[in-house]
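Pasting the structures in now, so scroll down.
In what follows, chain A forms one complex with chain B and a second complex with chain C.
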Partner chain A sequence: MDLVYDANSAGHQSRAEVNPSSILVKSRGPVPNYEGVEQIRRPVGDDPSRGPPRREEPLQEYDDDDEELKYGAAHVIRLFVPVSLCLLVVVATMNSVSFYRTRDLYLVYTPFHEIDPNVGTKIWNALANAAILLSVIVVMTVLLIVLYKNRCYKVIHAWLIMSSLILLSIFSYVYIVEVLRAYNIPFDSITMAFIMWNFGVMGMIAIHWKGPLHVQQAYLIFLAALMALIFIKYLPEWTTWVVLAVISIWDLFAVLTPKGPLRILVETAQERNEQIFPALIYSSTVMYTLVGMARVDTGSQGGRMSPQSPSNYSRVSGEGGFTREWEEGIDARNAARSRAMDSNSDASRVPPVRIQDPNFSNQLRDDEEEKGVKLGLGDFIFYSVLVGKASSYGDWNTTVACFVAILIGLSLTLLLLAIFKKALPALPISIAFGLFFYFSTSEIVQPFCDTLNTRQIFI
Partner chain B sequence: MYNPSILLLRININGCSLDTNFRNTYKFLVSKMAFMEFTGCALTAYSPALALFLFTISHDPVRIIIMVSSAFFWLLALVVSSLFWNYITFGHLLPLCIVFSVIVQELFRFCFYKLMSKAKYGLRSLRVPNTNMDLLKNPYLVPYVAGLGYGVMSGAFSLFNVLAALSGPATVGFTNPETGEAPSNYFAFFSAVFTMLFTLLHVAWSIIFFLAAERKMWTPMVFVVISHIVVSLSTTFFNPIGLYYVSIPIAIAVLATSCYWPHYLSTHPPIN
Partner chain C sequence: MDLSKVNNEEKLKLCRWYFKAGFFCLPFVWLINSIWFFKYAFLRPEYDEQKSIRKLVIWSAIGALVWAIAVASWVTTYQTHRVAWGEFGDWISVVTPTGSA
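The block that comes next holds the complex of A and B.
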């Protein structure tokens, strides 16, 4: 749930690599290497295949900050697309499957069910529920940090794998059954078992081991959407709104204060030159990494350059907002990704030096992986909760307003990231905008728009 | 769906009651009309904007961001106008609210122009080779993208709920809230046409407005405000009583004029 400016995480190399990597994003200009060696230039943008790779030209001075602002735009879009897809899945499900709109069961963490019609009681219930849920999240976060500090990687991985398995099996089954029921589609158990098995196993492999980038991303988006739907279904009405507000405040605290757990997490990971819980993170970079690998090969310096990562800040999500299941998926996923990366690099005939030197390959992985755009699944989840909840009242204007508000919040957060270049929480701005536009649209704008629509008045 | 054997199969496999299946089948048959109306209206209203977006905006991240920001500004303008309608006129004096809303929209358009000129200045000072140069070189690009953002957001707010209602069973339109008359058969169609026209109008207005603001020419800016008020008021007065043949020509005439004006401005550069 935070944004990390990640220039220093990869040891001595990374500072120098800021330049090559950043220019690569927009890059039509020459790429200086940290050693002053000429290097291959690759156009990277939305479309990595646009334009042929060309050989180097002389070094050129340019301003670091400018580069960041510039490729920031491309990164914002790489986050817009997955966030929009996730919101789309949630909104479509909310509008077609009535299961997720009806409230019959509640989470254990929300013992007060807001049954009393009295507004005061409802507020009190919502606040108490949110406090309980938040304390669960805090405890889990602290537990995760403690485990991470003590290098109990196996425990964390087991935790992550277990929770993603539960989501991919049980909750996915419930989802599919409800969709089938909503559209009244008959389905036999054998086919269902076959599909579920393949879906679940493929998901586990793609998330925790290796798989094509798009498959991995699709699974991560689906998991986030599923988790958001679960929150929407099982949280009481007012509690949802209070939880959204409280979570974003917690995010702010956890990332920005000196003793905030997420900040500790980020700093520890940077000290250790490690990836920060990648399995809970949506990443857009691996593809560029792979493309880059082949190029690295042809370069004279072989593996030492790793020029291809498009950004030097990465957006990393800690788990401010994750429920315990969430905290899990992440770590394993990242490890898996790095493993996939290593094997891919093998495949592209990288000089042996790189493979033999564990320290080096570690650095390489950091550069490649951490410099992409990354958005925590927790952010996906709470954005989706907000928009899905807004759409559950049946007003499309509110949904659209919340959607635009969240996208704007995301852009502003990335803008701030480019300015401050330190870890930043991703939720507060977006959620604050989203909440503002939810309440203002549904209470104030909607009557006005209804009047205009029924009279066919256009403004 | 109509095949009885399939129905039978469903009953056997699903174990649902016969009644449920028949009801669902019936619902499907009825909703075919709604589906066709929905698709037709949605495409009428949004296909121009969609085509413009796909072919001119979607490939450039900076343009997408500008477009979303512009949409956000329209949203802010709408919130301000709604506040006026809710808390100052208390839901009465609709024409006054429309005029106020138009003025607020144009004010926010001006604010967005200011923001964009600042951002452009920033981009220019970056001196980054080959970056967003088309954005800096082509003076029509930012106004166009901003206008499309305005138009798309306005179009979304004008038609989404109508479309959602249309996709329900057998809805043709809404009864007139004042006279209680049944809606025209063409309610949905004309809503879609007006949405499309307003999307394009916002694009044209933005281009004129931004160019004029850049050159400090007041006439085109006043023209934008006045023509916006005229078109909106014509829909306010004529649409509820079904006089579409008055309001549509007005909108089309304004659209034509507004499209011609940027052309004129571009072929007659300022004298300095």
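The block that comes next holds the complex of A and C.
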């Protein structure tokens, strides 16, 4: 449920990117065959105020930030596409398949069904439902963290495989059948079995094993959309809105507080130089956190940087290839971030035990260009729940308003990500905007438009 | 998973794995295989494993095509004969269309 920007590799790489002046780049070691690429893209004479051996610090700071924001912009677009696709799937389904609009059954977690017409009772029911659902989510998250901390990877994988299997089989089947039913298309069981088998197996391969990135992303988007549709269908009316609000507050807490479970998850993953499980998170590119770190170590300690001037050498700290001034720079800018950095450099001091396969690190050397942003699938799900729910009332103004609100929130979050460079909760801003836009559009703008329409006033 | 980061040997292994998996009535896996490895089978300068990859890609594509034709013809038969088949037609239907008002 959070947005991860790989602080180690990305921050470090973007730094290298800023300094095409070759000596400094070389002194950093970790970026061996990088300079060539860089100089093609960015002419050396680009910045006249920058002498090759040493630059003025403030300017460089500024440049750094600038560059990071540029990355942020690229990432905004990279995430807009999948999020929009997910929302589109949900909205299209909500508008064409009546199955997901009708409420007949409810989840076990929401025992109060808001049948009572009294508003007070409804609110009370919704709050109770949301509290129960939230506690289920909290328990599950904590369980996941405990398992992860104790390295019970098998259990977690089994869990994730089970849940994705259920989604890819039963719920996909229900989805396909309902879509066919909505369009009144006859379908035979043999072809259905064949399609389900192919779809499910390919999904499992792509998500949990090796598959083309696009296929994996497509499957993850589909799973998120499916999960959102399930939430929309099986949650009572008011509960959905309360759940959205409560979950984004929980997200804020879980990612930002020092003992928040999602923060622990992200930090542990960075410490261990691992990727977070692919079934939980959408990556805009393939991330190689592992070697991002490993390269840093081999670079700063290995013989790669022998031909460098001593003054440059002094700038390189042994800790994960981050230069000292840079670490201080962070300290100045943001205390929390520096804490994260400390823990990272701690991790990188546990040296390159992890790179056992030399091929692997070779493959990764040329992958500087790939810095990805990761968005938790939970974020996709709740974004879609909001927009899908908004569209379920059949009002396009509201739907579009919520869609725009979600995207604005996402870009703001990405902006903050570029500034803070640590895992951030992606729900709060987007959902807050979404809820605000939803209620203001449906309660104020829509009646206003209706009145204008009925009175035939054109503005 | 990004293929350009993987060495050729690994590519061949993966391609072969996908090809074998396709035999379990999984033409979709073949389809993905042939698309995924197409670039490495035909558009790259020659390397040792390319011949085998090319063969696997071609056969995967053929397999997927054969399956596609088979499924398409079956679906056509079903759609055109469902009513004529009567009870059997209903029995194999997951979704039976209802009349519309």
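In this section, the second predicted complex is superposed on the first by the 308 of 459 C-alpha atoms of A that agree within 3 Å, B and C clash if a C-alpha of one lies under 4 Å from a C-alpha of the other, contacts with A are read in each partner's own complex, and residues count from 1 in each chain.
Convention: a residue touches a chain if its C-beta (ideal position, glycine included) is under 8 Å from a C-beta of that chain, and two chains touch if they have at least 3 such contacts.
Only a predicted model underlies this, so the values are computations on that prediction, with no experimental measurement involved.
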Which of chain B and chain C A:Asp188 touches, first, second, both or neither: both
Which superposed partner A:Val177 touches (first chain B, second chain C, both, neither): second
Touched partner set for A:Trp124, first chain B, second chain C, both or neither: neither
Which of chain B and chain C A:Lys210 touches, first, second, both or neither: second
Chain B versus chain C as contact partner of A:Ile459, first or second or both or neither: first
Superposed model, chain A: greater residue contact from chain B or chain C: B
A:Ala74 touches, of chain B and chain C: first, second, both or neither? first
Partner chain in contact with A:Phe199 - chain B first, chain C second, else both or neither: second
Doubly contacted residues of chain A, that is, touched by chain B and again by chain C: 184, 186-188
For the chain A and chain B complex, residues of the former touching the latter: 26, 28-29, 45-46, 62-63, 66-67, 69-70, 73-74, 76-77, 80, 184, 186-188, 394-397, 400-401, 404-405, 407-408, 411, 437, 440-441, 444-445, 447-459
Chain C residues within the chain A interface of the complex: 1-3, 5-7, 14, 21, 24-29, 32, 35-36, 71, 74-75, 78-79, 82, 92-98, 100
Touching residues on chain B, where the partner in the complex is chain A: 9-10, 13-14, 16, 20-21, 24, 59, 61-62, 64-65, 68-69, 71-72, 75, 78-79, 81-83, 85-86, 91, 94, 97-98, 101-102, 105, 122, 126-132, 153-154, 156-164, 174, 176-177, 187, 190-191, 194-195, 198, 231-232, 235-236, 239-240
Partner chain C, residues of chain A touching it in the complex: 177, 180-181, 184-192, 194, 197-199, 201-202, 205-206, 210-213, 215-216, 285-286, 288, 359, 363-364, 366-367, 370
